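Letters A, B, C and D mark the chains as written, and numbering starts fresh at 1 in each.
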């Protein structure tokens, strides 16, 4: 795909561009959700069922969208969710994404399964706020080594993926021999980031997943909250628990030392039929109150969605697929423009609702469309 | 587009005609809503979710649809909402619209952004009830000058647009260089109405909005209710606050001297995701009670919609896009026919519900379709 | 359209046949609803939103579907609603329909606007239960003459249409010069039934409606319940009030001497947006209790629909358009088969619900689908 | 249709294969539901309206999906529902299905209307748990003979179909002369299983149903619960009542000696408009409590659906059409793979919800989507 130098005007246009011009398997991989893709679709549809009640004449000349995440100030409450193998979208991969995040002054969560290593990102974006996405490996030595590497490279948080006792069932990728060939080619050409060192001497075999050594396989059904306790005891970096959808698990996350939770359903790629994240958010926020920070990812496609998520209690949102669309279009500049669009759309939404700062964005601004089915 | 001399039978037919025969950019401009166009679509769909409970055998031989708006009697409760640059639809522009309104005996709100000036309308339709649509300019001298001009030209009200702290995000118009060229051509050929005098010496630049001098730019995020207080103190004309969607802002409008409010979401062109106007109407009516008059615009496409709006508490409705469709079809005659159709459809609806005058149209005539989901 | 001699298996197949083979204008005329056709569509869709709770092992060997309507026994609770100008469907017109009804042992309501006269039906189907559909003419001499003629021809009831203060707005028929030509040709060729005698010396003019003499025009906005009182005083035939959709009008019908009411919205051809008849039925049944009989028409397309209507309190249903489809297909035999299909489908439904007679069909058999949205 | 030797990855793929490659009449026969197919469609759609609330970090390394059905242990709670004339799908017919069930360690219900006899299945799958599906024949001698044969062939339960007072109205099969010819050819070529002996000397005539001797015709409207009492008194095999959709009939089933009930609507082939089975399940479970076992069939198309059914109180599910799709694709192996897919999907779902055994699957894991319409 030839790289573009102009900007597009909305996330939807970037998505269309990617679908038309991206590598077919990369598109399938990024676009897919699990099973019937009910949750994938609802992640977006559920936002559309919420209405915003605007307020007028509030002097919204200046709009402050800065916020602090676990004590680190960022310039906007729109951060970058971890997504795998960004070289499928652009050869600069995670480095381009991190540079855009640094430039915009926001937080990036680096995927466990990156083409670029955490050390490279640490070196190339020294001023960008970065968290490392971490899976709970059966071999805790690997886990700990990754944490130490993150600490050394000045990452400021560990975002632990807890919602993967199994791989999700991405049906659109079934029966495609070439998928594996393509993955291998991407990894052979662009590297396997910080995981590469643990793969030495292993044959990754016919599929990426089955070929991984048991120690670092990406799903581990045996993990429990004890693992989080252990991790908590091993590092002073804040732990962000990613993948909470219920009040019960939110409370457990707090009780096991999480500094924050991300309401996430893995982009609709874990268990199909689980709630959309914007559906699950209020329950988690209510359970947690002010005890730790709550973020959300999944289905955000414009700044109005961001506003709705913030109104329902998220301190920030994390965006996944749209970042890839921007990356695929024009590398760092594309990612930067995605963030710019979202920021300007958020600010526009704040102006229409009379909000001058993020703290003005209250739950009362948002109602479900069923609110208007009563007369 | 060649002008038509015959009449069409429904607003939908006028719309189809316009879409097939109107200038492409004019169509895009008039048809567009902001962002995903959820609100644009819901403005119409929400009417369809309401059911009317008819009544029979009430002797409805005569149907009185006259009503007084702020003390001025009109012959029908169906008025004309302000829409910009009507020369895009027809060279006679706002003059044709005003003549049709005068002939029908209804009220027209002249857009701030008209091709024809308020003075011209004052002179050519001396007997028509007219209100001036006013934006709250940063430079109050301009504002006041416009008010004085409206007073001198016998306008009877100032309809203040309060819901534009930002421009809406009309995505369908993105990336269209030719859009600006087209606007400029329209203004160059047909004038910029009463705003023209304030533009002297300014270069309107590459886009209409960015080229406007700061003093008269059409969005001003700094405005507050104090501006309305000030305006109230400067004129004895009634102030109609246009763009209210919540009980809270309705109360503020009253407290700051409004004589009436228009429940409006700017035709779905402001912030997407806000409630449809017919959804927001009951909340505003309940808050206001009998203190000031309440009107509504947005999504009205036939006389049944008018009836529903009146039943839910609007004293009159304002119609935007359909007026443009009639204007585009056959100028004054087309606008007149649009109003005739709506009036006759309203009367038909009143006959089927046993209503002889507008005061007979009570809330109990209308229920949400969900009412029938209980058995 | 060449006539068919074989039978079709469902009402849907007859409808498809008619749409493919019927005269285009006849199709438009019969299929149309008013305005946006919301009510037309909901008449059918609302049935589909109801669920039936079956019961098993009740010994349903024999199923008694006889019922008495105003003291007259019929062999099935499925009767024929009045529909206009049946010669548009078949040259035998209302005579074929009446013969099928007589043969099936059910009640037919003869339209005010028939091609065949009430006297002809009286003579040719002496044993069939027939009611005359009557509009409330401004000239009561005409009304009374029709009632006397009905009495003389052994009609057993007067079904008074009360829901036509205006003509409905059948948009699909707009702007069709040829429509009027077609109507005239039908009337010229096949007669105008019992109304023909009152038309002598009148020119029916360019359209059927506008050409009618004022005395017999089919809509009269001046009518009130006093007219029903007067009619009640002039005949000993039972008066069935057709066109009730609310509890209030149902009570008024009783208070003014109705022996029965038909919950009807004129087949979705009166005011669009009114409730579907199966939606309105429970409210009317609740208001009336056992005081008079309640029937329903509108949207019935199979025997399951009939069962639902009976469960919700209708003593019988009246079927309109499907009768025309059968008539168009194969005249008397087609109408007969439509009734046979509905009867056998009703009996099948009764077997699946353990109902042996119509009195076993209780409200508890039917729930709205939203009942299952609670867990 | 040539037989396939490879495996497909989801039930949907097997269904697509069957629709593309199966015999046209077999497809119509298996795919059809009655009347408008509302219930057929809702059986599947209703599952999609349920959301699963996942739980994380529960150590789900091992997942026990064994369960006992009426005292017999099976290796998975996914059993095989009775479906007729499996030779339409594959020449090995019920034998292939039974072998796959035996191999998987699950229960198969053999259809009354099989091509292979119960004795053949008893002999060829001696270790498989099998129940016989039984209709309540007017001639109880036939009924009793079938029960005795089932006892002798080591069947462990009698699943009595009680929801067939009439044949359902499979509209898609109407007017198809060739349908009957096809059935006859199937029966002539592959036998009529254990019913064959009762047909001696009978001419099955133009259609299968009408040609059956009265004694064994498959619908009997005269049956009552007394028949179940009688059956209960004649055999010590447990009686499973199949076809319950209401609390009332569930209680009657218990009172008349049922050991279990199957919530079923005959795959949407009985009375259209009845509730989807997953809709009806909670009402039945609530009425029955722990008194007897409750199962459910209808609409299950993946392991997530299985989980939802178990969460709402089913002890096991029965799968019909998908088994046929597997059978049509590759005989025993296809059926086996269908069961394998469902089992692995169920286990995946359990892992995502933190369930280690079936008893961990509680009602609180499932909510209706309308739960999220409140904010």
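We take it that contacts are C-beta pairs under 8 Å (C-beta built on N, C-alpha and C of every residue); 3 or more make two chains touch, one makes a residue touch a chain.
All figures in this text were calculated on a predicted structure; none of them were measured in a lab.
J.: Going by the touch criterion stated earlier, list every chain that contacts chain B and also contacts chain C.
T.: Chains in contact with chain B as well as chain C: not a single one.
J.: So which chain is farthest from chain B, going by the mean of the CA atoms in each chain?
T.: The most remote chain is D.
J.: Is it true that over half of the residue numbers where chain A touches chain D are used by both copies, so same, or is it different?
T.: different
J.: Where the CA atoms of chain A average out and where those of chain D average out, how many Å apart are those spots?
T.: Each chain's C-alpha centroid was found; their separation is 43 Å.
J.: Cα centroid separation between chain A and chain C, in whole Å?
T.: Each chain's C-alpha centroid was found; their separation is 60 Å.
J.: Residues of chain C touching 2+ other chains?
T.: 50
J.: Touching residues of chain C toward chain B in the complex: what are they?
T.: Within the complex, chain C contacts chain B at residues 35-36, 38, 46, 49-50, 162-163, 165-166, 169, 171, 174-175, 221-225, 227-228, 243-246, 248-249, 252, 270-276, 279, 282, 312, 363, 366-368, 370-371.
J.: Enumerate the contact residues on chain D facing chain A in the complex.
T.: 9-10, 12-13, 48, 50-61, 302, 304, 308, 345, 348-349, 351-354, 372-375
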